[in-house]
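Below is a structure I'd like to ask you about.
Residue numbering begins at 1 within each chain, and the chains themselves are lettered A, B, C and D in the order written.
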Amino acid sequence: MGSYRWNWPILLADPYYGWIVSGFGNTCLIAVLAWIIAFPLGSAIGIARTTELRPLRFAGTAYVEVFRNIPLLAQMFLWYFVVPELLPQDWGRWVKRDMPYPQFLTSVLCLGLYTASRVAEQVRSGLEAIPRGQHHAGLAMGLTPAQVYRYVRLPVAFRIIIPSLTSDFLGVFKNSSLALTIGVLELTSQARQIEEYTFAAFEAFATATLLYCAVTGIVILAMRQVERRTRIPGTIAIGTQ
Amino acid sequence: MGWPIAARLGGTLLLAATALAAPASHALAQDGPVMKRIAETKTLNIGHRDASPPLSFIGQDGKAQGYSIDICLKIAEATKEELKLDKLEVKFIPLTPQTRIPLLTAGTVDIICESSTHTLGRSRQVSFLNTTFLTGSKLLVRKNSGIKRIEDLTGKVLVGALGGTNERAAQVEIDKKGIKIKGGEIVKVKDNAQAMLNMEQGRADAFTSDDVVLFGLASLAKNPAEWEVVGPYFSYDPYGMIIPRNNDDWRLLGNKTITMLVRSGELHAIYKKWFEPGPSNINYPMSERLRENLELIALPD
Amino acid sequence: MIELKNVSKWYGAFRVLDDCSLRIAKGEVVVICGPSGSGKSTLIKCMNGLEPFTRGEVTIDGISVGARDTQLPKLRARIGMVFQNFELFPHMSAAANITLAQLKVLGRDRATAQAKTDALLARMGLADHAAKFPAQLSGGQQQRVAIARALAMDPIAMLFDEPTSALDPEMITEVLDVMVGLAEEGMTMAVVTHEMGFARKVADRVVFMDEGAIIEDAATAAFFGTPRSERAQHFLSKILQH
Amino acid sequence: MEGGFDFAILIRNAPFLWGGMVLTLQLTGLAVAGGLALGLVLAVLRLSRIPFVPALVAGYVNFLRSMPLILAIFWFYTLIPKLTGQSVSSFYSVLIAFILFEAAYYSEIIRAGISSVRRGQIAAALALGLSNAQAMRYVVLPQAIRTMIPVLLTQSIVMLQDTSLVYVVGLRDFLTTADIVAGRDSRPVELYMFVALTFLVVCFSASRLVNRLRRRYAL
């Protein structure tokens, strides 16, 4: 590697070690909080898109199309720089001046709403993958449409989409790296900061990469367990390789 | 009060740097691959920045230019002469703070001509040529904000570009003085432009960076009269060109060129061209400190 | 009990049902047959409102299925339905499939529902399979669980939509036997099927449909004796050939 | 907002923004082409029976898929000069990063498409006397392509949006040019909304097209 001088111990030195830990913590926190927004909201929108009610379907479709067709980075900027300017002045001032952790919360909101559009698509495709007859069978028994969703369609749909939801969760985890653009010190930006201070680029970025890969590995293993536990007896696994 | 501290600090660091550099250049003199590469390819690759006026930036004509670039072009001339080349092609390669070191160590660029602070930490990875520019951290604020110094930042929002030395210096300063800024931490954004946006939108009350950068940004703002750069320096930032380590012949050539430029007065002319007031209207006359520093490196033959 | 008056249904310009009228009295077993695509399944799904229709009226026990103020879930709870593809819920055991609507629709307590479920499973000869999941049961077993699931609601009538056409031949009998038993107990039944043996044995009337219209509606003996339409004769000759 | 909107700024900076758009489109086009080619190779290798190769490919694919794109761009930008010893422009290094990165995603889509063709189809083709390659060429791939094309297009739309990340190596794509103008003239509202709307229109039209294809080629 040419004249590059390896300096792994620097990562354990103060304050760089602490930066990596706090950056990693922020990355995980952003991902989890964004998922807490994305999962219920996305599920609701996905369900809305499969109902018989036209306005609901339209609203769900509009949401998905808007949020998935604008680059996440642009959405980050929109939420941070544009939205406060469009709010009534007092609210805008509150968002810009008085809201606690403005960058962090903005990035959580942005990632959550963006990821919700992806979750919505998964939930919709899961619901649509269930034969129409199941819906009819539920209704024929006297279940209300809401009960059919609750007891029949959703439990099966969610099982079908566990693998794709896993990759969406990993997506939110990876996408949290974009929070650095509005000033959140998550893993990638801490790696960048360490690089800037010490010029130990490879060490810093290799560590970040390894941490991302480690989390990905752990999440995939954990979700395989979930998939195994929730597998319907007598059926073959869906999506596990 | 800041001046004496900064000057003392600067002097100490300079001494330290000289002390570190001296034995290396004599006892362990090593000729690295850079000069050989330049001789073979008849090409000099200069790394530059897109938007670091007036030191290193892309002008309206789309070409790299600035104070640092002019100095490097002089080094290119000296290199051509030293290697007795019939021609030397100069290539410009745009860099970012994330890519400059890897590209330097990989041999993609031979010299980085921009606005990097010479620090001890960075010296582990790369070598710096002698200091050709001096600056330090200050604050950019709105004229009517009432902020005159870093102590006035209690309860205010301070913003800085991620990874710069300024933001770290500011942190040290507010920790030392026990200033309670809003949110408890400096807001670190991706670059100076974003920091400026935060200021324009009223999200932040003060923006820390090298004063030369702040002057430059203020002069380009929508309404330059709205802004002022305040405060004594709370960091000392000597800028220098960066070259790969263990290339003593290349470093010697670079430093010799700079020395000659100082001795002939050409360096002062280049400075005047870019800073007084310069194409970006920055109007930043050469400080006494830089003048003295340049005298220090104008070594005799 | 079940009455269809001039029911028509269009998908855009395509007519699925053409002015169908039909009465099924209490205790009657009516078999609906006809070539594929003739609208039989649609017709039977109109009876409990699973398929909306464009014109006409369907009433069950005097209650209009199509009316806006009708509580469809309540109405459907009183009519059992069995589907061609069983449509057991794959994520629930056989017992849970049967118990679900008793708990959620009828509001029975768990013990009562469980007792009812056990009794029905025993009656279907499936007592040992209560804890199994649909994918672990054979087609015939699944369809019997589905029938038990419908019966658990104590329905006033049962709708069968080709209940045996997705079954392997050796399993058809076990399902038909259950259906014959039901008919003999006096259950009101509408059955879409090609099983003419079953029709002969238990049906009171046979309805023949083609291209969305009811072509024949005759007592069983009369239908098999002298079907009046050429299309019904043609159809019968085809399916009775073997 | 102070001073109201100034949408004329878009017109004043149109050539600059258009330059960014051209870079975005070029990068997307080339990366899609290269990514597809490499992705097909990877997918075939992954489905092959050559010892170790499928595992190696799987390792490559999973490694890249578990890394944020922003990190991948950085890595390739620094690694390529190290590996080749050549100075590579930002554009080509980013292009290579995108091709290698997207190939990992494309290969998974292609593999899934090929696997989705029922085994019976291959059996039937072989029973007719077709060779393995012929079975692939005339029976499996035509069916697989139908299921693959909409997903591949969707991934390409995602990739078009992802080009906005090239700012980390100093390239000026569409979003970055807008970002520069927004910062320089302090007009973030107009510029970012313009970028968002442009992407919305482009990507929405493209996804409509995908839907139409999906319906047309639905099996």
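Definition applied: contacts are C-beta pairs under 8 Å (C-beta built on N, C-alpha and C of every residue); 3 or more make two chains touch, one makes a residue touch a chain.
Computed from a predicted model, the values in this text were never measured in an experiment.
Under the contact definition, chain A and chain B share the contacting chains D. Centroid distances from chain A, each centroid being the mean of CA atoms, peak for C.
Averaging Cα coordinates per chain places chain A and chain C 45 Å apart. A straight line joining the Cα centres of chain C and chain D is 51 Å long. Chain centres here are Cα averages; for chain A and chain D they lie 20 Å apart.
Centroids built from CA atoms put chain D at 38 Å from chain B. Among the residues of chain C, none is in touch with two or more other chains. Across the assembly, chain A contributes 1-2, 81, 85, 201-202 as residues in contact with two or more other chains.
Touching of two or more other chains is recorded for residues 98, 102, 105-107, 194, 197, 201 of chain B. Here, these are the chain pairs in contact: A-B, A-C, A-D, B-D. Residues of chain A touching chain C in their complex: 131, 133-134, 136-144, 147, 151-152, 155-156, 159, 232-235.
Only residues 32, 97-98, 101-102, 105-107, 121-122, 124-126, 157, 159, 162-165, 168, 183, 187-190, 194, 197-198, 201-203, 244-247 of chain B touch chain A when the two sit together in their complex.
Listed in rising order, the residues of chain B touching chain D in the complex are 45, 50-51, 91, 93-96, 98-99, 102-103, 105-109, 191, 193-194, 196-197, 200-201, 220-222.
Looking at the complex, you find that chain D touches chain B at residues 74, 77-78, 81-82, 85-90, 168-170, 179-180, 182-186, 188.
Contacts from chain A toward chain D in the complex involve residues 1-2, 65-66, 68-75, 77-78, 81-82, 85-86, 170, 174-175, 177-178, 188, 201-202, 205, 208-209, 212-213, 216-217.
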